[in-house]
Amino acid sequence: MDFAFTEEQAMIAETARAFFAEQATSERTRAAMAADGCDHDLWRAFTTELGLAGVALPEDFGGAGLGMVEQAIIAEAAGAEIAALPLLGHAMVSRAILAGGSPEQKADILPRLAAGELVASFAEAAPGSAWIDGALTGAALHVPHGACADLFVVAVGETALLVERDAPGLAVTPLTSMDQTRPYARLDFGAVAAAPLADAAAALAAAREAGLVCLAAEALGGAEAALKRTVAYAMERVQFGRPIGSFQAYKHRLADMMIEIEQAKSAVYWAACTVDEGSDEAALALPAAKAFCADTFFMCAGNMIQLHGGIGFTWEHDAHLFFKRARSIQTLLGTGDMHREAIAAKILGDAA
Amino acid sequence: MKLGFTAAEEAFRAECADWLNGQMAGEFADIKGIATLTEKAERRKEWEQQLGAHGWSCIGWPKAWGGRGASLAEQVIFAEEYARAGVPGRVNHIGIELAGPTILAFGTEEQKARFLPDIAAGKTIFCQGFSEPGAGSDLASVRTKGRLDGDEWVVDGQKIWTSLAHISDWIFVVTRTEEGSKGPKGLTFLMMEIDQPGIEIRPIRQINGDAEFNETFFTEARCPADSLIGAVGDGWKIAMGLLSFERGVSTLGQQMAFRNELDAIIAAAKANGRAADPLIRQRLAKAEIGLRLMRYGALRMLSNSDHSKVDGAALTYKIQWASWRRTLGELAMDVLGQAGEVTDNAHYEWDMLPNLFLYSRADTIYGGTNQIQRNLIAERGLGLPREMRGDSK
Amino acid sequence: MDFAFTEEQAMIAETARAFFAEQATSERTRAAMAADGCDHDLWRAFTTELGLAGVALPEDFGGAGLGMVEQAIIAEAAGAEIAALPLLGHAMVSRAILAGGSPEQKADILPRLAAGELVASFAEAAPGSAWIDGALTGAALHVPHGACADLFVVAVGETALLVERDAPGLAVTPLTSMDQTRPYARLDFGAVAAAPLADAAAALAAAREAGLVCLAAEALGGAEAALKRTVAYAMERVQFGRPIGSFQAYKHRLADMMIEIEQAKSAVYWAACTVDEGSDEAALALPAAKAFCADTFFMCAGNMIQLHGGIGFTWEHDAHLFFKRARSIQTLLGTGDMHREAIAAKILGDAA
Amino acid sequence: MKLGFTAAEEAFRAECADWLNGQMAGEFADIKGIATLTEKAERRKEWEQQLGAHGWSCIGWPKAWGGRGASLAEQVIFAEEYARAGVPGRVNHIGIELAGPTILAFGTEEQKARFLPDIAAGKTIFCQGFSEPGAGSDLASVRTKGRLDGDEWVVDGQKIWTSLAHISDWIFVVTRTEEGSKGPKGLTFLMMEIDQPGIEIRPIRQINGDAEFNETFFTEARCPADSLIGAVGDGWKIAMGLLSFERGVSTLGQQMAFRNELDAIIAAAKANGRAADPLIRQRLAKAEIGLRLMRYGALRMLSNSDHSKVDGAALTYKIQWASWRRTLGELAMDVLGQAGEVTDNAHYEWDMLPNLFLYSRADTIYGGTNQIQRNLIAERGLGLPREMRGDSK
C-alpha cells in the first residue's frame, strides 16, 4: 500500500505537463476548433516525440507497457490545456481491442494504434441499430472526434464491432458541437461490413474502464488548471484598490475549488489503481470518479467564468473552453446521476 | 393584501392580448419567439415603432410623454401578456427602462420633451456607457474624461460591455469631468449621439457565439453643453438613481420570458422522457417555485409604497433571478442531454435552451456580480460593515 | 392586485410581534420544554389578552372573522420566538370543523376553540387504523402537542373524526421529542367512540391548507429571527480584532439568508392569499410555500449555529431551539421532496 | 502507486481482527458499539488499559515508549479493524493523538519517559486547553496567564471547550507567560495535573443533551517549573505542531467510525423502505463517494513523503470530513423521518443517528470552523493574501 506516484510516474507526469503546456497553446487549439477539432500537429508530436499513444498497451504491441495510472496522468495533463486531441476514443479502442480482440486483431491493429498511425474512436450505436449477417445498420449519434477517426469500435447491444472509416456504407457527418475541442460526429451505418471483436464483453468492459478513467482524469486536469488560472488572475486583478484575491468571498470560493479538486485527485488515482490491480472496488471507483470529477470540473469552470467577471464571458478568453469541455464530460459515458444510481444499487444490494 | 385582478383589469388583459397576438400572427409574425437580443435587430426597431404608434410602448409613462399613465396592475398585465404572446424582448430596453425613467426623474422639461416622446415612439434607441476596462464591478473608478470646450463637451476614453451599442442611436456616458477627482466624485452624466466620428463601436464576441456586447471608444467625441442630466458633478447620483429603475415593472416582462424558457424545458422533458426522472422532476419543481416566488417578490416590491425603508425584495431581486436563471440553464442541458450539445447550425448559433445555458453565465456577472450583490445586501439590507477599499486607507 | 399588508394587517403584525417578543421569552419557553412543551400562561394570554385563537374563524363563532393572511401573520410572529404554543393543531382543527363540521358541530365546538377554552390538535392515523361501526382502532404516531390537547380531529383514510381527550379507550403517550417546544404524543385508539365530521373531504382539505400556511409562516418567522439574532451577534462579537460581521464570508452567508427569507416571505403570503381568495393557484402555492420556507428556515437555523461558533452549539444558547424547530417543520405535513413532487406532477400534467 | 496489501499485512489484519473481536465478544462486550465520547467513560478507561497491556494502544510509537513501531500500512489496517469490530472511540484520543506525538516531537528524554509509557498504557488521560471564552477561532488571543513562582508555574485564567476534561488526569495549557505580549508571541505550553484545588471543571451541556465539553477554570493552579514543553515563549510553535498531528493515522479510525454511521443509515433505509426513493439513493451514493474519497485522501496524505511541500490533501481534510459528516447527519434524519425525532429515552439522550445529526453541527466549528479552514486553504494552499487583523493595522 503506497498511494503516491513512483519516480517513473512522477517523471511521466512532469514530462506530459510540460509537453502540453508548451504545445497545446490557446492559439493552436483555436485553430483546431475552427477546423475539425483535432490539432493534428499535436497528435503527431504526442505520438512520435512523446510516444505515448500506446501508454497503456503492452510493449509487445509497441506500447509503453504501463497502465491506467499512467493513462490517467496523460489525460490529466492534456485536460489541463483542453488539448484538442482524440485521446478519449483512442484509449477506449486500444484497451477494448487489447481485452477482447483476437490474436490477429491485436497483432494487426494495436501496433498501429500505439504508434499513432491510426486514430480511433468509440461509438455506442443508437437504439434500433443492428448487426445482422455481418452487416451493421443504424447510427451512432455523438461520437467524440468521430470525424477525424480512421477506425471505430462500435458497441451494438452486447456486440463490439470494428468499423473502418472508409468502409462502404459508412457516412460520417461532423456536428457543430458546443465543445469544439472534442466535436461529435454522427455515424450512419448503411449495411456496413464489420468484424466483431472476439470477446465483446471483455472489450466493452475495458473500453468503459479506460473511458471513465480518462474522462475523470481530464476533468481533474481541467479543474486544476481552472483553479490555477483563476488564482493567478485574482492576484493580478485590482478592484476597489485591492487585488480581488484579497476579498474573502473570492478566497473562499477558490478554497472550495481546491477542496473538491483534492478529492477528485484521490478519485482518479483510486479508480486507475483498481483497474490496474484488478480490484473488485473498480465497480465503485469508476462511477465514483467519473461522477465526482465531472461535477468538480463543472463547478471549477463555472467559477472560472464567474471570478473573471465580464472578460470570462468573452470568446477571446479561454474560460469558455474549460466550461464547455466540463459540460461535455458530464454527459459522456453516462451522467453523474446514472453513475450515482449504480453506486446506490451496489451499496444497497439491490438492482433497482 | 389581494392578488386577484378586477373585472376592468381583466378586460384590459384581453385587450392587450388581442392586440399583441394579432401583431404576432400578422405583420410581425417573423419576429415571434426570438429569444436573443441581437437577432433581426432592424425588424425589431420597426416593432418598437409599431408599439409606439399604437401607444403600447411605455404604458406607465405620463400621457404627455407618449405613455398612457397605466396603473401598476395594468403594467403588470401588459408585461405578462407581452411575453405570453411570444413577442421578443425590447431592443430599446435601455431607453424605455433606464434612460427614459432617468430623464423623467432628473431631466429638464426641455430634455423630457426632446427625448421621451422619441423613446416611446421607438425612434431613439439608447445604450448605456458605465463599465470601463479594468474597472469591472468598481463602477466608481471611471476614467473616461469629459471636458467643456466652448459650447460642447469633449469626451475621451473607453467603455466596455455596452449592450447593443451597435444598433443604438444614443448612449449615456458617465464621465470624469473634474480633473484629479476620485471615486464617485467629479462625475457627470452625458447623453451623446453615437453616429459621429469620435465614437467607434467594436463588438465583443461572447461564449455563446453571439455579440450583444461591445467596446465603445471615445476619441474627442462631442455633444452640446446642455447634454448633461443633472448638474456637473452629479453623475454618480444620477447613475445610481438610474440603476434603481432596473427593478421596475419591466422585471415582470423579463419573468414572462423566463416562463417561456421554463415551459420549453418542461416540453422538452415531456418529449424526450426525462419528465419521468424523479431527480429532474425535483429540479423542475424547484425552478417553478423559484419563478413563482420571483413573481410575487416583484409584486411585493411594486406594491410597496413605503420607499423610505430599504426594500428587501428589491435589494435581493437581481441575485435571485440571475442565480435562478443560471440554474435553469443547467437544468435545460440536463434535460436535453447530449442532443443539447450539438446544433444543425454551422455558425455556432444555438437554439433557445443551449443558448440559455451559455448566456446565463453572464447574468450573474453584468449589472453587479453575485458577489457585489451580496455585499450590497449585507451592507444596505443588514447594516453590516462595508468592505474596505484598498486605496482609501 | 395589491400585494402589501392593509393597515389592519400591519397593525396585527405589529401587535403580535410585540406580544410574543415580550411574553414568549427564552426562560418561559425553557420552562415549558422541561414540562409538557406548552407554555400554558402564554396560551391564556394569547387567547384572552390578544384574543386571537380564532383569528381565521368567522365572528359568528366568536372568531376574529379574518383569514389565512392574518393566521400567517400570527404564526410568523410566534415562530420568531419559537413560542411553545399548540397553534398548529389548533388552527388545523378550527378550519377543519369550519369547513366540514355539521351546523351542530360548528356551533358546539368553534366558539370554544375561538375562545381558547379548548386546545385542539390534528392527528393522521397510521396505516392499519380503522373506523368501523363508530369505533376507532389503531394509532397516530406523531401528534404535535398531542399531550396537552383536549380535542383531536383524526384523519383515518378519507374520514375525519372528532375525538375527545377523555374518550374511553384513548391512550395519549407523551414522547421525548427533538423539538421540545412542540413535542409529539402518540395516540392509541382502543375502540374509541368518535363522531365523524359531516364533510370529511372539505375538513381534511381545510386542515391541510391551514397547516401548510401555519408551518410555512412559522418557518419564515423563525428564519427571520435567526438572521436578526445572528446579525446582532456579528456586530458585537470581535475576532482577530474585528467584528466578525466585517468578514466578507460572514457577510455573504448572512446575505444568502436574507435572499432566501425574502422569497419565503413572498411564498407565505402568496399561499395565504390563494386560500383566502379561493384561487386555483393554491394547489401550487401551498406545497411551494411549505417546501421553500422549511428549507429556508433549516438553512438559516443551521447558519445561526455555525456563525455563533462554539456558543451556538450549547444548550444554554437559543440557537438549538430554532434548529430543532426547523428540523421538525421539514417533516411535518410532508417533506419538501413530497411537496416538490406534487408540484412536478402538476406542471408536467401527469400523476406519476 | 499501489493500493493492495501484502500477504504479511493481510495476516496482520487477521491478527488485529481476532484480538479486537475477541475483546468485544468477551470482557468488553458491554462497551461494543458505543458512539459517543462520554458514555461509560470509566469502563472505557479500563479499555484503554487493556489496549495498553496488550500492546495495541499506540502501535505506531517506538517500542521503547510503549508502541510497536508499526508501519504505515499496519497502522492503516489496525485503525480499520478497530472500527470494524465496533470498538468505541478512544477516550484518551487527545493523549494518544496529540499530547503523545507532541511530547515525542518536542519533549525532553525525561518527559518522554515520564509520559509516553503511561499514555500508551492508558494510565494517563489527557485533555487540551487551547480555546478561551471570547477568543473562539482566534487561537492566538490567549489571556490565561502563567508566571514562575519559585520552582512552580502558577496559572490563572479560563479555558473553554475542553473536551473530556471531566474524565482526564492531565491537561496541556497554552498560557501567556510574557506580560503585555500579544498574539502568538510570549506563549508557553504547560502540562498540568488536573486533580488540584486550583483547577475547576464545569461541564457545558450541548444541543444533543450530552456534555462532552467543559469550561476549565484556573485559579492559582500549579505545576512544577519543568512542566513546559519546549522553551518559554515557544507555546505557539508547539501548539501549531500539535495541531498538525491531528491529521495522522487516527483519521483512518475516525473514517471507520463514519463507515459504521453510514452503514447504519443504509440499514435504516433498507428497513423502512426509503432505500427505494431515487432522491435518497443519490444522497446515499454521494455519502459513499465522499467517504471513499476521504479514505484515499488520507492514504495520499499518509503516503506523501515529501513534507516540504504544502500537502493539499492534508490541508483540505478537516473541512472535508466535517462537511461530509454534517451532510450525513441530515441524510440520516431524512431517512429516519419523524421516527428519528422522538426517542424512548426520557432524558433527551439520542440514538446514534439522531445524535449524529445534532452532534455533527459541532464538527464544522471546533478545531477550526469551516470559515477558518477556507482561509487557511486559500492562504497556505493557494497563496492568496491574508485576512487583515483589525487590531494590527
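As written, the chain order gives the labels A, B, C and D, with residue 1 at the start of each chain.
Going forward, contacts are C-beta pairs under 8 Å (C-beta built on N, C-alpha and C of every residue); 3 or more make two chains touch, one makes a residue touch a chain.
Here the structure is a predicted model, which is why all the values come from computation and not from measurement.
Looking at which of C-D and A-D shares more C-beta pairs in contact, the answer is the pair A-D. Most remote chain with respect to chain A, judged by CA-atom centres, is C. One inter-chain figure worth recording: chain A and chain D are separated by 40 Å, centre to centre, where each centre is the mean of the chain's CA atoms. Here the CA centre of chain A is 52 Å from the CA centre of chain C.
Along chain B, residues 277-279, 282, 371, 374, 387-388 each make contact with two or more other chains.
Multi-chain contact residues of chain C (touching two or more other chains) are listed as 243, 246-252, 337.
Considering their complex, residues 1-6, 9, 69, 227, 231, 234-235, 243, 245-246, 248, 250-252, 254-256, 258-259, 261-263, 265-267, 269-270, 273-274, 277, 279, 284-285, 288, 291-292, 337, 340-341, 343-345, 347-350, 352 of chain C touch chain B. Interface residues of chain C facing chain D in the complex, by the touch rule stated above, are 141-142, 175-180, 184, 237-243, 246-247, 249-250, 302, 305-306, 309-310, 312-316, 319-320, 323-324, 327-328, 331-332, 335, 337. Within the complex, the chain B residues that touch chain D are 277-279, 282, 388, 393. Chain B contributes residues 1-5, 9, 72-73, 76, 266, 269-270, 275-276, 278, 281-282, 284-286, 288-290, 292-294, 296-297, 299-300, 302-305, 312-313, 315-316, 319-320, 371, 373-375, 377-379, 381-385, 387 to its touches with chain C in the complex. Every residue of chain C that touches chain A in the complex is listed here, in rising order: 247-249, 251-252.
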